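Chain nomenclature is as follows: A, B, C and D, assigned in order of appearance, with residue numbering initiated at 1 for each chain independently.
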Amino acid sequence: MMYIPQRPPVEYKGLSLKIVRLATRWGPTGISLALRFAWGIFFAAVVALVLFVWLVGRFINPLLPWFIRDFVVVVGLLGFVCIVAIIGIWGERKVSGRIQSRLGPMRTGHWHGWAQSLADGLKFVQKEDLIPRDADQPLFRLAPYVALVPAFCAYLALPFGVGWVFRDADVSLLFVLAMLAIEVLGVIMAGWASNSKWSLYGAMREGCQLVSYEIPMGLSLLAAVVATGSVNLITLGEAQSGGWFAWLIFQNPFLFLAFFTYYVASLASCKRSPFDLPEGESELVAGFHTEYSGFRFVMFFFAEYVAMFAVSALATIIFLGGWHSPIGGPSSPLWFVLKSTFLVWVQMWIRWTLPRIRIDQVMHACVKYLLPFTLLLFLGSSLWQLYDNPAHPAFKGFANLLRGVLGVLGLVLLGLYFFGAGYGYYNRNRLVGQMARRHLPGA
Amino acid sequence: MLETAVFFLFATVAVTAGLAILLSTHIVRMAYWLIAMLISVAGLYFLMGAYFLGVIQVLVYVGGVAVLLVFGVMLTSRQQAPKLRPGPGEALWLTIVAAVLLAGLIPSILRVRPEQSALVAENSVADIGHSLLGEFLGPFELASVLLLVALLGAAYLARPKIPVLGAQQKKGTTAL
Amino acid sequence: MKEIELQSQPDLLHDGEVPSDVRTEELVLNMGPQHPSTHGVLRVILQTDGELVLKATPYIGYLHRSAEKIAEKVTYRQFTPYTDRLDYLAAMNNNLGFALAVEKLGGIEVPPRADYLRVIFAELNRIASHLMATGSYGLDMGAFTPLIYCFREREWIMDLFEAACGARLTYSYITIGGVREDLPEGWIQKCREFLDYFEPKIAEYNNLLSYNHIFINRTGNVGICPAELAVAYGLTGPCLRGSGLAWDLRKATPYCRYNEFEFDISVGRGQNGTLGDCWDRYFVRILEMVQSVRIVRQALDKLTDGPVQAKVPRIVKLPAGEVYYEVENPRGQLGFHLVSDGGTSPYRLKIRGPSFCNLSVLPVLAPNCLLADISALLGSIDIVMGEVDR
Amino acid sequence: MMGLTPYLILSAILLVLGIAIIISKRNAIAMLIGVEFILNAAALNLVAFSRHGVGALSGQTAALFVIVLAAAEAVVALAIFLNFYHTIATVDIDQGDQLKG
């Protein structure tokens, strides 16, 4: 406000003060320039690696011995996973900022603080690696790896498109689910090994929650598996070529609902809000990673974002047409990444909107509602598959009609989303107030 | 060559896990060694081309049973843990039993000659599905009944026995 | 450090209910003094059975700064800044309580403009304090966004305060005999702008948090405090009104011309659970913000010209005697028991902190809650440790 | 190329280890771990035979049943142990000689 008296700038006198002033003015700038340079190199290297993998690895594939191809693909996947985690963490902060009428990180790297996660990563690497005296040392050291490595392993069977996969296994869907299931062991290990009661509570909650929600998650996916008759993710994805209305989510009403039950269960299995009880910061300090610091903490963070993208990718492949374009154009891994990123964004949106559920409500929601409901969906999907064939022409016609209705419903939902987003964007000043703008230095 | 190396890797992990459990006095570490064994057995299944079985081993055993086990360990471990290491007399007896068993098993294993030396082609999930719902339909249905009974039995056994809810508490809240 | 243990009612612990053949392992959890949801340096020792809390014992004193003893060593005017530090989220109201107590003992008449200014600032600070309580309650429930929204509005109030008195947290603005300075030019216009901006935002909080299904499930029917219990434990403020009792000192014993204003006492009605649960206590604060806006609007209309300070000497000397004066703070009734021996500083000053009394009900409400409900309970009681420990 | 024998020997070793664990431990959960070893040894045997042409897919299917049974067994056993623990506050099975719950 204009009438707040401004303190006049203080003029420093004397040489030593001048040196201090110069140092304080140029020191951080110089350091940050150097760091930005380093991050740029790192970032460029990762991007180059991924490009190399995508271009060279793909086209020279038959010429290379298989282990070189494998090596290149694994390194590329590693790079992709790192980028997912880094951009995910930065994106989460930007999303939360926008939702909360602030800006989020704005300084590091100049363009909307894009380098913030890298800077944080550097900071975490430099931090002291604290291990509590009474912790179970080997398990405490092992736990972050047990959490991160399986989450990465899930990507080994996750196809980004036809041919864009490390191993096209016959059981790739189950493989991804199995790998995501191992992650819980790392969390429980961390909670137990920390020898802190808060960590233990986090671990117990994680165990409860994940073992319970794995079942509705698997059942929702099985409903889709019944519809296509395969647990191979590539087959599942390829079954949905041909635009928006061919997506599995619109194939029958049970699958339409199964997508949402899967999404809820996947939120729980990634410990995302409103199911973030294992780390619920207002109850359990930080839950299972209370005692972790430095790079070990980062690994848990990485594991969370990597798993977030993995479950979203699974939902994309199985329900949302995978790498196929909604408008019928050529299919491309870009579509796959785009759709998965949208689902990740919805996860963030939910996280910054909803309060946390209590543990008994989590279990009630799963065992009393979600589990019977997904069982019904599975049954319904199976029955639908039984009748939805040329032998039952009447039902076939009804099914096709319903498919159209569901597709239109999906379009309406998407349209509502974009309408809401546009409305919010044009009225952002009225909706969130101008406080963020008012208090920006120099604004 | 590579197959042999991978086999010995997994076999070493599995046997090491067993020995570690045998010698360990730390119940939580035992549970994690068990998980190492389970994962290496899953790896062996993969090695033998039984992908479906390997994945199910990880999904059910590691993701479900092992988590439950670790959970049980946490719920029941306390300061005065029961005896986890055998006394000298027991150890002797144990060694004798183990040696006799191995001495009996190994020669008979070496005598095994498979009728058909060629490897069976890797089979798909569909084949196992047909097998389950064809030849093994009876056991399959029995297994499902067994699982249901186990579910009910476990729920009955582990039900809360403390009337935890005071008058002022909500009905939906139960003890965990 | 002296630790005061608040014993819970023995009959409320259900020792007798556990069958003798079942032995469960109880875990003693040390919640605080460094814990995100204890709102400061409160330490609660929890006896838990799994996620179930059997007993909660608050230990206080980590922020004890002997404010009452300091009062005996400084003059009356010098003590005003110390009152800022009691309930540092509602410093204006603390200033007001102390000033009123001194004025009553000294028989000091306050000019009308000062009275209206006091009301305006006290109510604005009530809004700021309730915003903080609402936002941090959302945080306790795991919703981060309401906190930032509340802080966004609170920031504007802080700006208004800064414009009027130069401080953003510890104001010392309301002093003995009136307020320290008159309003700067354009302040009233800015204040009206704020009120116009703020009123629709309350509906936003309700949409985002109050009527959120998860939030209602987390807070409704949790930590139910019946009216009798609230009275028995001396609860005041939103905690008392959340139990359905329409008791507000601004209506019961009006001070500062509160009788000239039209406003309603907000009470809990138990519409999302049982009367007196956490949701009621929370929602009373939301309703009170609406009423505070009403009061500030009326006070801005009534604001007359005139002096803002009575003629009070720099070193106040009060006649021998004693006075007990209570005002309605955002967290409850803040009481000052002032004993004077005729000197320039109090002979004894006893402060009745509402947070302290409200906290005493925690051990009664906590048994049979789940672990997550403890933060719901603590947040709905809304303590400020500066006032509990003084 | 691996023959059948290494798998069988490994399975035998795992079986013996499982039996040794059951004999040496007095902790109910440690004994459960031993049981899991035995079951896995058996399943490994089945899959190995199936791989080498004895009974085609039956071996894998039987191994699948072993996993199912192991899951059911582990759940019930853990429930019993938890009950046991609630009753006599230990998982030392030597203490469970009261024949009442």
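Assume a contact is a pair of C-beta atoms (placed from the backbone, for glycine too) under 8 Å apart; a residue touches a chain by one contact, two chains touch by 3 or more.
These numbers were taken from a predicted model, which means no experiment stands behind them.
Could you name the chain whose Cα mean is nearest to the mean of all protein Cα atoms here?
Of all chains shown, the one whose C-alpha centroid lies nearest the global centroid is A.
For the chain pair with the highest number of C-beta contact pairs, give its two chain identifiers.
B-D
Centroid of chain B to centroid of chain D, CA atoms only: how many Å?
6
How many Å are there between the centre of chain A and the centre of chain D, using C-alpha atoms for each centre?
Going by mean C-alpha positions, chain A sits 37 Å from chain D.
Take the average of all CA coordinates in chain A, do the same for chain B, and state the distance between these two points in whole angstrom.
The separation of the two C-alpha centroids amounts to 31 Å.
If you average the CA atoms of chain C and of chain D, how far apart do the two points sit, in angstrom?
Here the centre of chain D sits 61 Å away from the centre of chain C.
Scan chain B for residues touching two or more other chains and write them down.
52, 56, 64, 68, 71, 161, 173, 176
What positions in chain A touch 2 or more of the other chains?
Touching at least two other chains: 204, 359-361.
Where in chain D do residues touch two or more of the other chains?
Chain D, residues with two or more chain partners: 86.
Can you check the complex and tell me which residues of chain C touch chain A?
Spelled out, the residues of chain C in touch with chain A are 27, 29-30, 35-37, 50-51, 138-145, 148-149, 152-153, 155-156, 159, 162-163, 166, 184-187, 190, 197, 201, 208-209, 212, 214-215, 217-218, 370-375.
Please give the residue numbers of chain B that touch chain D in the complex, ascending.
Per the stated touch rule, the residues are 3-4, 7, 11, 14-15, 18-19, 21-22, 27, 30-31, 34, 37-38, 41, 44-45, 47-50, 52-53, 56-57, 60-61, 64-65, 68-69, 71-73, 75-76, 80-86, 90-91, 93-94, 97-98, 101-102, 105-106, 109-110, 112, 114-120, 123, 127-128, 131-132, 135-136, 139, 143, 146-147, 149-151, 153-155, 157-158, 161.
Show which residues of chain D lie in contact with chain B when the two form their complex.
1-2, 4-10, 12-21, 23-27, 29-30, 32-34, 36-37, 40, 43-44, 47-54, 56-58, 60-61, 63-65, 67-76, 78-83, 85-86, 90-95
Could you please specify the touching residues of chain A with respect to chain C in the complex?
Per the touch definition, chain A meets chain C at residues 1, 3-5, 96, 99-102, 197-198, 201, 204, 273-274, 276-277, 280-285, 352-361, 432-433, 435-436, 439.
In their shared complex, at which residues does chain A touch chain B?
Within the complex, chain A contacts chain B at residues 136, 138-139, 169-171, 174-175, 177-179, 181-182, 184-185, 188-189, 192, 200, 203-204, 207-208, 210-211, 214, 231, 359-361, 363-364.
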